[in-house]
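Two complexes are shown next, each including subunit A; its partner changes from subunit B in the first to subunit C in the second.
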Partner chain A sequence: MTRQSPRARLAWTVGLSVVVVYAMVPVLWLMSLSLKSPDSVADKKVIPENISFENYEALFAGGLDSPLLRPLINSIVIALTATVIAVTLASFTAYAIARLDFPGKGLILAGALAIAMFPPISVVGPLFDMWRTLGLYDTYVGLIIPYLTFALPLAIYTLVAFFREIPWELEQAAQVDGATPWQAFRKIILPLAAPGVFTAAILVFIFAWNDFVFAITLTSSDSARTVPAALAFFTGESQFTAPVGAIAAAAVLVTIPIIIFVLIFQRRIVAGLTAGAVKG
Partner chain B sequence: MTALSLGRKKAKRAPISDKTRAERKLALMLCAPAVFVMLLVTLYPIGYAIVLSVQKVDLRFPAESGFVGLDNYAAVLKSDLWWQDLFNNTFVTVVSVAIELVLGMALALVMHRAIFGRGLIRTAVLIPYGIVTVVAAFAWFFAFDPESGFVNTLGIFEAEKAWFGDRWSAFAVIIMAEVWKTTPFMALLLLAGLATIDNGLYEAAKVDGASAVQRFFRITLPLLKPALLVALLFRMLDAFRVFDSIFVMTRGSQDTESLSILSYNQLISRLNLGLGSAVSVLLFILVLMIAFVFVKGFGTAVPSQGDRK
Partner chain C sequence: MAEIKLRDVTKRYADGTEAVKKMNLDIADGEFMILVGPSGCGKSTALRMIAGLEDISDGELSIGDKVVNNLSPRDRDIAMVFQNYALYPHMTVRENMGFALKLAKVAPEEIKKKVENASAILDLDDHLDRKPSNLSGGQRQRVAMGRAIVRDPQAFLMDEPLSNLDAKLRVQMRTEVSRLQKDLSTTTVYVTHDQTEAMTLGDRVAVMRSGVLQQVSTPRNLYNDPVNIFVAGFIGSPAMNFFSGKIADGKLTLPFAELPAPEGVEDVGDVIVGIRPEDFEDARFAPDGHADGMEFEAPIEVVESMGSEIYVHFSYEGGEVSSDELAELARDSGIAETPSGGEGRSVARLNPESEIVEGQKAKLWFDGAKLHLFNPADGTNLRQNKEEQAAAAAATEEAIEVEAEVDARADEEDPPARRRALDPPGAPE
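Presenting the complex of A and B:
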C-alpha cells in the first residue's frame, strides 16, 4: 500500500470522489429542495438561500390526518411485521435445508428461485380481485402477505448460505460436556446464527420498505397506504402548485434512516446480498 | 427420471430407519409454512390470472362477463400499444443493463484493488441500493425538471430543455435513474466473484509477460463468467418489470409506457381484469423465456442446486 506511486494515489482519490459525488447527488438535491421555502423552490439554486423547515412542518401538520404521519406508521408496521414473519419462516426452512436430509430439498430451492424472478405485476390483478372478496383490500394484512411471498426466497437463500457455515458439531460437543440441549442451543448455536438471521432481516426490511407495485394496487386510502405510494399521490395545496418541496422533504425523511442503516450495517448487507449468489 | 435412478431409490427405501423418517417429517414440518405462503401468492393467483384472461371481466360492466376464449390475447397482440411497450421494455432493459454491466465491472475492479477508502466507497455504493426506488425516481425527476431542476442550469444542455416532453430524452432520464439505483447490486455481485479468483494466476501471468488488458480478458472475464451471468440474469429480469421510475416520471406519456404500466392501467385504472390479466400472463411468459434462455442457453449456474457445498 505504501509503495503506491503518488500518481496512482491521486488517480485513486479522483476516482473515489467521482463515485461518492455520483452516489450522493440525488440525495443532496432532495435535501436542498426540501429546505427551500415554497416561493423559492423553483429558483434552481443548488444551495438554498434561506433555509426553511416549512415543508417538514407541513408534512406533519394535523397529526394523523397529516400527509405523512399515517403512511409512515403504515410503512413501519407493515415492513417490520413482514420482516419478523418472513425471517422466522425462512429460518425454519433454511435450517431444514442446511441440516436435515429429506427429499424435495432441491425443489424448494428451485421454487424459491423461480419466485424471486416472478414479475409481481402478473399477480396484481388476481390479488386485487381476491383481496376485495376476502376483505383484505386496503388493509395491512393485504400488503404483508405478498411482501412475505416475495421476501421469503431472498431470506431463505441468505439463511441457507449462512447456516451451512455454522459448525453444528459444536452443539453436540457442548452436550457431551454436560450442557442441556437448550443451553447448547442458546449459548452455542444462537450466537453463531444471529448474524445471518440479522442480515436476512435487513434485506427483507429494505425490500418491504421499497415496494411500490403492491402498495399502489392493493390500497386505496391512507388506512394502509405506505410511504412510496403516498408520495406518488401527494397533491399540493391547490392543484396548480406542484408539491415539489413536500415530496422532497418526505423523501429525505424516509431516506435518512436508510442511510444510517447502511452506514451501520454495510458489511452485513454486502455479505447477505452476495451470500446466496456466489457460494451456491 | 430414468429407470436406473428409480430403481436405486427403491433399493434405498428398504432400510429406511425410524431416525430418517423422523428427520424427514421434521424437515417437511419446518418447510411447510414458508412453502405455503410462497405458493399462496404466486401459483394460485397466476392460475387465477389465466382463468381471468380467457373471460370478459370488466368491473365497470359486470353484467357482460363471460367466457371469450383467446379473444383477450388476440386483442392484446393486435394492439400497437402492446408492441410499442414490448419495445420500450426491451430497450430500457438492454440499455440500462449494458451500462450497469460496464459501470458495475469498473466499480468492482476499483473496489477489489482499493488503495484506501474501501469503506467509504462501499458506503457510497450502498446508498443508491438502500434508497426507495420511488424516492430515487423523484430525485432524478426533480433534478431534470425544467421548472425547478438544476440540470438545465449547468450550461451543458439548453436552458429550457423539456426532458419529459420527448420520448428519447425521457427515456434517457429514466434509464439514468435505473442505472444509478441498481449498479451497486451489479458491482457487489461482481466484486464477490472477483474475490474467488486466485491471485496467483495474475502473478503467474505477469511473470509470463501478460499485459493488464490480456490479464483482464484471459483470466478475470472467463473466471468471472458464473457470477457475471447470475448478476446479468437477475438484473435483466428486474429491469424487464420496470414500473416505479416510469410511473413517477411520465406515467407512460410520450410513448414511454412499459408492459407493467400497461398491465396496471388495464387492471387498476380501467378495471378490465380480463384484458389486464392477458397482459400479465404474457409478461409472465416473457420473463420465463428470459430465464430459460439464460439457464439453458448460456448455462447460467443459478444458485439452486443447493445440495452441493
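Presenting the complex of A and C:
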C-alpha cells in the first residue's frame, strides 16, 4: 500500500463512515426495537430505556409450537438441502461445460440463464396449482425444487468460471499418473475449485434463506413455512397490537446464521469472488 | 521400460487439418529420442498421442508389445513432464511425487521410500513438505521430474520441460536431465523447439515440419548430412547460410566464387548451396594446404565478438540467380520457417584473433569440401541422393538395429491384430 496524504486519509475516513452509518442504521434500529418491551416500542428512542429480552423469549415460548422455532428449523433444512443439491449438481455440470466439447453446451448455459431470469412471481401461480395436485404443497420438497431453479444457474455460472481457471494440464497430469476421470475430478479439480464451491454454496444459501415469494405462496402451515414467511404471520399480544417487537427480534435472529456462515468462509469468499471476477 | 513404435500415426482434426501426417518412428528401449521442429510442426501433438491425451485418428501406436491406440493414459504406464510442470498446487512436494503411487495403491512405507530416493537424486530433500507455490522455478521443474521417476514407468514423455527456466538454469537442468536419463536408461521422448537442446540431449533426433517427419538420425548425422534444406537450416546455430548457385560444365558458380563441381554431382543447373558459418574463416587463418579452400572478398557489415569466436555478417554481390528467386525457392522448400530464414545476410564464424573490421572489405576463406547442395525444386540434399545417403541410412540402421529385430518378430506374430487395430471401432467384421 502506498502512503496516503492526510487529506486523502480524511476523505476516505469521512466517505467510509458515511457508507457504514448508512448501512448500519437500519440494522441498529432493528436491534434496538427488538430489545424494547411492547409498551415502549413506539417511544422513538434509539437506545432502549429498559433492555428486555421479552420479544426473544416470546419467539421461542412453547417449544416446537412457538412462533419461530419450527420455521427456523424449516428454513435451515430447506436452505441447506437446496444448497447441497445445487452445488453438487452444478459442480458436475460446470465441470462438463468447462472441460468437454459436446453439442448443446451453449444451449444449457443459455437455458440456465433464461430459467434464472424468470421472476418468481410469474412462476408461483402455476406452481401453486401443480404442487396442490402433486401433493407437494406445503412440503420441504415443494420449496426445494423451486429454489433449485434459481440456485442451479447461479451455482453453475459461478463454478464454470472457477473450473475454467484450473489448468487442464493438471488433470492430464493426473490421468497420466493413473487417475480415473472421477479420481482426477475428486482429488485434483475439486480441492482446487474449493473457493469456488464455497462461494457458490454461500450465494445459493443466502438466496434460498432470503426467499419470500415462494415460501409465502407454497406453504400453508408450520410444517414447511420458512422464517421470512412466518414473520408475516406474527401476531401481537392482542389483535390491536402490531407485533413490531417480535418481528424485529425475529429479523435479528434470521441474520445470525448468515453472519456466522460469512464469517467462517469470509476469506474463501473474498478469494473466490475476486478470482472469479478477474478471469471468469 | 519398452520401445515405442509409431506406424503411420496420423492426427486429423474435425475440420480436416492434419497436425501429424503418417508418422513412422521407432524408439528403441532406453533411447533418448528428441522431437524437434518449429512451433506448430506437430511435435507436441505427436507426444500427446503417445501419452494418450490426444486420440490417434489413424495408424498404430505401440508401447512395449502392446498396441495402445485405445488405452487411456492411465493404462499406458508412462510418465509425463509438462511444460508448465502441472504440479498439484494443493499438495506438498511429497504428495505430488507420491500421488501416482498412491493411486496405484502402493503401501505407504514403500511410497515414502521411493519418494525419498527420488528426492535424494534430485536434491529435493529439504523441500519435501513444502507446497509448489513456495518453490523456485528450478525446484518445481525437479519436482515434475521427480513425479515421473518415482513411478519407474515404461517411458518418460517430456513436453518442453526446460522452456520455462531462465537461460542459466536451463543449461544446468539440461545436463541434469541427460544424466538422469542415462542413469535410469528409461525410454524417453522429449519435445523441444530448441535445436541446442535437441543436439545436446538426444541419442537420436527427429526433425518435424508441418506434421511431417523430415529426418531421424543422430545429432551428428543431422548436422553433417541433413536430408533437406529445412533440416539443414533448422539444425545449427547460427544457422547455415544459403546461397543461390549454378552447376554447369562441371563448375559450381557461387555469387562470390567459382569452383569445380563436387564429385558425384551432375550438371543440374540451379542449386541452393549451404555453407555452415564455421566453414568460413578469415583468409589469414585459412588452414594451409587445404585443396578445396577458396578465398573471396566481401564487405563486412557487422562483427560480433563472443570471446572464443567472432561472428561476422557479410553481404555479397552478384550471382546468376537473383536473391528474390532464392527467397522464393526458400519459401517453397521451407527454409523460411528456419531461424535464419529470409534474413538475406550471411554469417561466418571466425578465429577470435581475426582483425576484420566492420564496414570494410575483407578477405574470407571457405572450405569447398563442406558445401551442402540442395535441389531448389524440392529442397532435397543433392549429394545425399548419392553415396552419402547410403552411409547415413546405415548409421541410422545401426542405431535402431535392436528394435528392427523386435519389429520383424512382431510383424510375423500379429499382422491380424494390427489389421484389427486399424479398423475403425464398430466397423463390421
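Quick note on the criterion: the second predicted complex is superposed on the first by the 242 of 280 C-alpha atoms of A that agree within 3 Å, B and C clash if a C-alpha of one lies under 4 Å from a C-alpha of the other, contacts with A are read in each partner's own complex, and residues count from 1 in each chain.
What we mean here is this: contacts are C-beta pairs under 8 Å (C-beta built on N, C-alpha and C of every residue); 3 or more make two chains touch, one makes a residue touch a chain.
Quick caveat, the model's predicted, so the values are computed rather than measured.
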item: Subunit B versus subunit C as contact partner of A:Leu113, first or second or both or neither; value: first
item: Partner chain in contact with A:Gln175 - subunit B first, subunit C second, else both or neither; value: second
item: Touched subunit A residues, subunit B compared with subunit C; value: B
item: Partner chain in contact with A:Ala90 - subunit B first, subunit C second, else both or neither; value: first
item: Which superposed partner A:Leu64 touches (first subunit B, second subunit C, both, neither); value: neither
item: First, second, both or neither for A:Ile47, with subunit B first and subunit C second; value: neither
item: Contacts of A:Gly125 with subunit B and subunit C, given as first, second, both or neither; value: first
item: Subunit B versus subunit C as contact partner of A:Val20, first or second or both or neither; value: first
item: Those residues of subunit A which subunit B touches in one complex and subunit C touches in the other; value: none
item: Complex contact set, residues of subunit C against subunit A; value: 51-53, 72-74, 78-80, 82-84, 86-90, 99-100, 103-104, 147, 151, 157
item: List of subunit B residues in touch with subunit A within their complex; value: 20, 23-24, 26-28, 30-31, 33-35, 37-38, 40-42, 44-46, 48-49, 52, 107, 110, 114-117, 119-136, 138-140, 142-143, 145, 147-150, 152-153, 180, 185, 188-189, 191-193, 196, 227, 230-231, 233-234, 237, 240-241, 243-244, 247-248, 259-260, 263-264, 267-268, 273, 276-277, 280-281, 283-284, 287, 291, 301-309
item: Touch list for subunit A against partner subunit B, complex; value: 1, 4, 8-9, 12, 15-16, 19-20, 22-27, 29-30, 33, 41-46, 89-90, 92-93, 95-97, 100-106, 108-130, 145-146, 148-150, 152-153, 156-157, 160, 164, 206, 209-210, 212-213, 216-217, 227-228, 231-232, 242, 244, 247-248, 251, 254-255, 258-259, 261-263, 266, 269-270, 273-274, 276-280
item: Interfacial residue positions of subunit A with respect to subunit C in the complex; value: 167, 169-170, 172-180, 183, 187-188, 191-192
